[in-house]
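Presented sequentially are two complexes of chain A, the first with chain B as partner and the second with chain C.
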Partner chain A sequence: MENILEVENLQIFLKKNRQKINAVDQVTFGIEKGRTLGIIGESGSGKSLTCMAVMGLLDRKMWQFEGNVSLQGKKLDITKRKQMSQICGNRMALIMQNPMSAFNPVITIGQHFYETLGKPGLPKTGKEQMKKIAVELLEKMYIRDPESVLRSYAFQLSGGMLQRIMIALALAVQPDLLIADEPTTALDLSVQNEIVKILKELQRKYGMSILIVSHDLGVIKELADEVAVMYAGNIVEKGSAKEILLNPSHPYSKGLFCSRPAFSKERLTVMEGQPPVLEERGSGCGFYPRCPEKCEACKAYFPDACTVDRKHQIKCLKRGGDVNGIAGS
Partner chain B sequence: MELLEVDQAEKSYNIRKFGNSYRLMAVNDVSFSLKKGSCVGLVGESGCGKSTLGRLITGLEKPTKGQVRFLGESVYSATKRGRKLPFAGKIQMVFQDSYDAVNPRYTAEQIVEEPLRNLMHLSVKERKMKVSELLRKVGIPDSEKNKYAMEFSGGQLQRVCIARALACEPQLLVLDEPLSSLDVSVQAQILNLLGDIKDEGNLSYLLISHDLEAIYYLADSIIVMYGGQIMEQIDDISLFYEMKHPYTKMLLSSIPSYRNQEEKSETAESIWMDLGVQKEGYTGCPYYGRCPEGKEVCKQKRPEIRKIRKGQTVACHMIDD
Partner chain C sequence: MILLKYAIKRLLLLIPILFLVSVVAFGLVRMMPGSAEMAYLQAAGIPPSEAALQSASQELGLDRPVYVQYLEWIQKAVRLDFGTSYINNKEVKLELLGAFKNTMQLAGCSTLIILIISIPMGVLSAVRVDKELDNINRILAFLGSSMPSFWLGPLLVQLFCLRLGWLPVQGMGDWKNLILPSITMAVLYIATYSRCLRNSLLENINKRFVTYSRARGIPEKKIVMNHVLRTSLIPAVTTFGVNFGHMMAGTAVVEVLFSWPGLGRLCVSSVGSRDFPMIQGYIVVMALVFILVNLITDLITVALDPRMRESL
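This part shows the complex of A and B:
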């Protein structure tokens, strides 16, 4: 099937003190129409950065890019503000992590909708019409009394409600691709469950593709068809959700899945240490200092992706990764 | 004697919103006790009053009615000149967002030293020694004690906050969502750390969280709150899967687990808490609006909390003894 979004060898560099620091390295993935890709990983692993770069939201003065991003086969120039702003919001939409800070506090929720729906490039609609659309969208999100919600300000509403309003806003333009950056992290368990259900339902109805970023494995399991595990700016493992969640192969993915207590009182097996700081990443495997299965070669070499099984790809020397003929022992 | 006794505590706030004012019962008639060396897990969604209850227990807020007693004495006492916290060193708290909970101009050492300076009479030398001992205990190396809060990662700073809470050798630690701002792998580190500290000393925990997996891991008994009231309580964690209240059942079913492969129902329904149930004067069961088993009697009368068997109490009309 055709890929809606294709990201090829995306590299993002942070410009700092006349140096280029590699924040996201050689990220490659694609999302098929109507499917969901989940990206998991710790904070600082470059998940959000990848999303922001795809949306063209990163400042050119601070960041530098390499690689290709294409939407429905057409190459996007993510450094061009004007070009991107026609695509963002119309064909791609973003849900952000913190609903409390994503809204403009001095305008009402209704005005947010009018702003989005009145964007150039969309068919022109009158204000009454826009209001009707907004009310309909809010009703779809199970929001009670949408008319009064449209009149209220962001700070008067609860986090779960705002998150649903943000989803409604994102859907107002019927995008092909929805990028959800930690949509449930700031929410309660039952509210989280609700948002997940809503996203699933919408996907079934409109057939849009979703790129979801989360560190909650449960949410990923519920939503994603494919999963990519990121660590220190790299996708270390990629494959179908079922395979990765049940049978992780990379030592980092394994460690990640072991660190939830799974309703038992047994002591948790913990990955000691912290992810490497951006400035201190070497040429070797980023997981080297924390890896329980490391060997000397891992310190110096980081392998290219190798295929384990059809779609299941992994970047690890110990799992058959290969760098210029130096195989893992 | 019980370490902590919460006796029909009630906390209400005056809410004034565009002309119509009412009293919000944030915590409504809550009673429970905590034994020495045990860990009580407090579950509930945001707005159900669990954090308010935590603040009542630490003495940060004064209960409108009822009492909170620590070793037989009330934790909140006001004198003519102001408020006093008689158990400031004995009850300590760890907050959800560690970056907000520390002074950004303090180094890790100063952060941990502050309670020692205020509450314990130690010489400067003793104090410094104690600080490095505490930091070592929570896994912060000596070389990092001169770092500022900004320079730490979330997990490390949460460790510093735990060290600060442990500084005065407290008997009760109130942990208000200590994990929810952390990464999965760091959560595991903190959970293990909390488990170790508890095993070492005769420390008791009140763990406030909405993460049932974490609660199951640490806690010995569980209290489920909804709308400011206790809905269900079990004294022994082994009864976990036998919890009966409809709200608890809903909670248990909404845990997203990546381990089991069964599919959940996919239709979304509204399951939002109606804040009206916390207004003063509401007499029904707070969960009535969302309860699938709700009957007329639930709307009329608030269910009393009662024992249904040894170690399990439930507030629900629909459950038989």
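This part shows the complex of A and C:
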């Protein structure tokens, strides 16, 4: 099946004191039409950065990119803001984490809608028409009294409400791809479930593809068809959701799923140590210092992705990864 | 509705504040060194003999106890009668009103210049941050804020009036007379506001709601106008409001320099001639201006920033 979004060898560098620090390294993934890719990983693993880069939202003064991003087979120049602004909020839409600060506090929710619906590139609509569309969209998100919500300001509404409004705003342009960057992080559990339910329903109704980033495994499990696990700027393992969640293969994925709290009396296993700081990433495997299965070779070499089973890929020397003929022991 | 209630509450607060101001104004004026009788006689051209001083004191009512003088003055002042000038016997109210109009003309013109120049300057500096334009602005702002008006004014006169002969040197006539004094006054504020606006724009340009607007594909120009500028103007308006009163009071130097018959010049000359009723009237008027301008600023801030409405 054709991929809606295709990311090939995306590398993101942070420019700092004339140095280039590699923040995201050789990230490759694709999303098929109507499918959902979930990216999981700890904070600072480069998940959100990847999303922002794909949307063309990273400042060129601070970041440098390599690799290809294409949408429906057409290559995107993610450094060109003008070009990207025609695609963002049109064929791609973003839902951000922490909706409380994503809305401008001095303009009304309604104005956010009118500005999105009235932007160039979309069919011209009158104010009355736009209001009708906005009300309909909000009703689809199960928001009561949408008219008064349109007149409110962001600080007068709750986080869950704002997240739903954000989804409505994304939906307003009927995107092919919805990028959800930790959409449930700042919300309480019951609201989280509601958001997940809405996203699922929308995907079924409109057939759009979703890229969802989260460190909440429950959310990923509910939504994702495919899963990619990121660690220290790399996708260390990816494959179908079933396979990865039930049968994780990379030592990091294993550790990640073990440190997930469950309603049992057993003691929670916690991964030792912290992910490496950006500046201290070496040429070897980023997980080396914390890995329970490490070997000497892991310190110096980081293998390319190797296929375990059909779509299941993994970057690990101990799991058959191979660099320049140096095989794991 | 809430706004109206708030405005009324603030206006009611005016009464005690003005009362306090009147006491302080009256007290300060009486504590001034130098004698009002002497100045009065000098102005009238009478040689200051002992007898003349005494009769002047009686005539002006300065021989009575201070509190009696105050009560008499405040009784009239409540009815907006501030008495007559010691020097030229003109009604203080009319004199102040005339001067106030002139000063407002000057301050208004300078405000217009400030707005027209500092907003685009601030925006351009923020858009081209740390590039040539921003650096030029930085230098100009530095020069502008460090040049006192009593020096800048003569420099401008030297260039535009004496060398080029484009503008009149002094006095009040048509719009040409207004240009130099308003520019002299505006320079300092342009420097301050353009930098203030630039900084608050830069602070807001990295806010998450800007990123979100970009993600929604809103054109960059619209983002700057509707999101960044709008939010950034709020602190600028607040500072402007606070400073407007200062500007009104600070016109003295410029007015004397350009012989502009405004409040500042009136105050300076009244102090020189110990014209008590005039000085008292001036202080009360200035206090009133300060308070009203602050109130208007607050109302504008509330209108611009819906978050403030919650706190009313």
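The criterion applied here is as follows: the second predicted complex is superposed on the first by the 328 of 329 C-alpha atoms of A that agree within 3 Å, B and C clash if a C-alpha of one lies under 4 Å from a C-alpha of the other, contacts with A are read in each partner's own complex, and residues count from 1 in each chain.
We take it that a contact is a pair of C-beta atoms (placed from the backbone, for glycine too) under 8 Å apart; a residue touches a chain by one contact, two chains touch by 3 or more.
This structure is a prediction, so every number in the text was calculated from the model and none was measured.
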- Item | Fit or clash - chain C, chain B, common chain A | fit
- Go through the superposed model and pick first if A:P123 touches only chain B, second if only chain C, both, or neither. neither
- Task: Scan A:L189 for contacts with chain B and chain C and give back first, second, both or neither.
- Result: first
- Note on the structure: Partner touching more residues of chain A, chain B vs chain C, is chain B
- Query: Just chain B (first), just chain C (second), both, or neither: which does A:I198 touch?
  - Reply: first
- Message: A:G73 in the overlay: touching chain B, chain C, both, or neither? Say first, second, both or neither.
- Response: neither
- Task: Determine the nearest approach in Å between the Cα atoms of chain B and those of chain C after overlaying the two structures.
- Result: 8
- Contact residues of chain A, present in both the chain B and the chain C interface: none
- Task: Quick one: which bits of chain A touch chain C in the complex? Just the residue numbers, please.
- Result: 52, 55, 57, 81-82, 85-90, 93-94, 96, 98, 101-108, 111, 115-116, 119-121, 153, 155, 169, 173
- Complex contact set, residues of chain C against chain A: 207-209, 211-220, 222, 226-227, 230-231, 234, 304-307, 310
- Listed in rising order, the residues of chain B that touch chain A in the complex are 45-47, 153-156, 183-189, 191-192, 195, 210-214, 216-217, 237, 240, 250-251, 254-259, 261, 264, 266-272
- Query: For chain A, which residues count as touching chain B in their complex?
  - Reply: 42-43, 142, 144, 158-161, 188-194, 196-198, 200-201, 215-222, 242, 245-246, 255-265, 267-272, 274
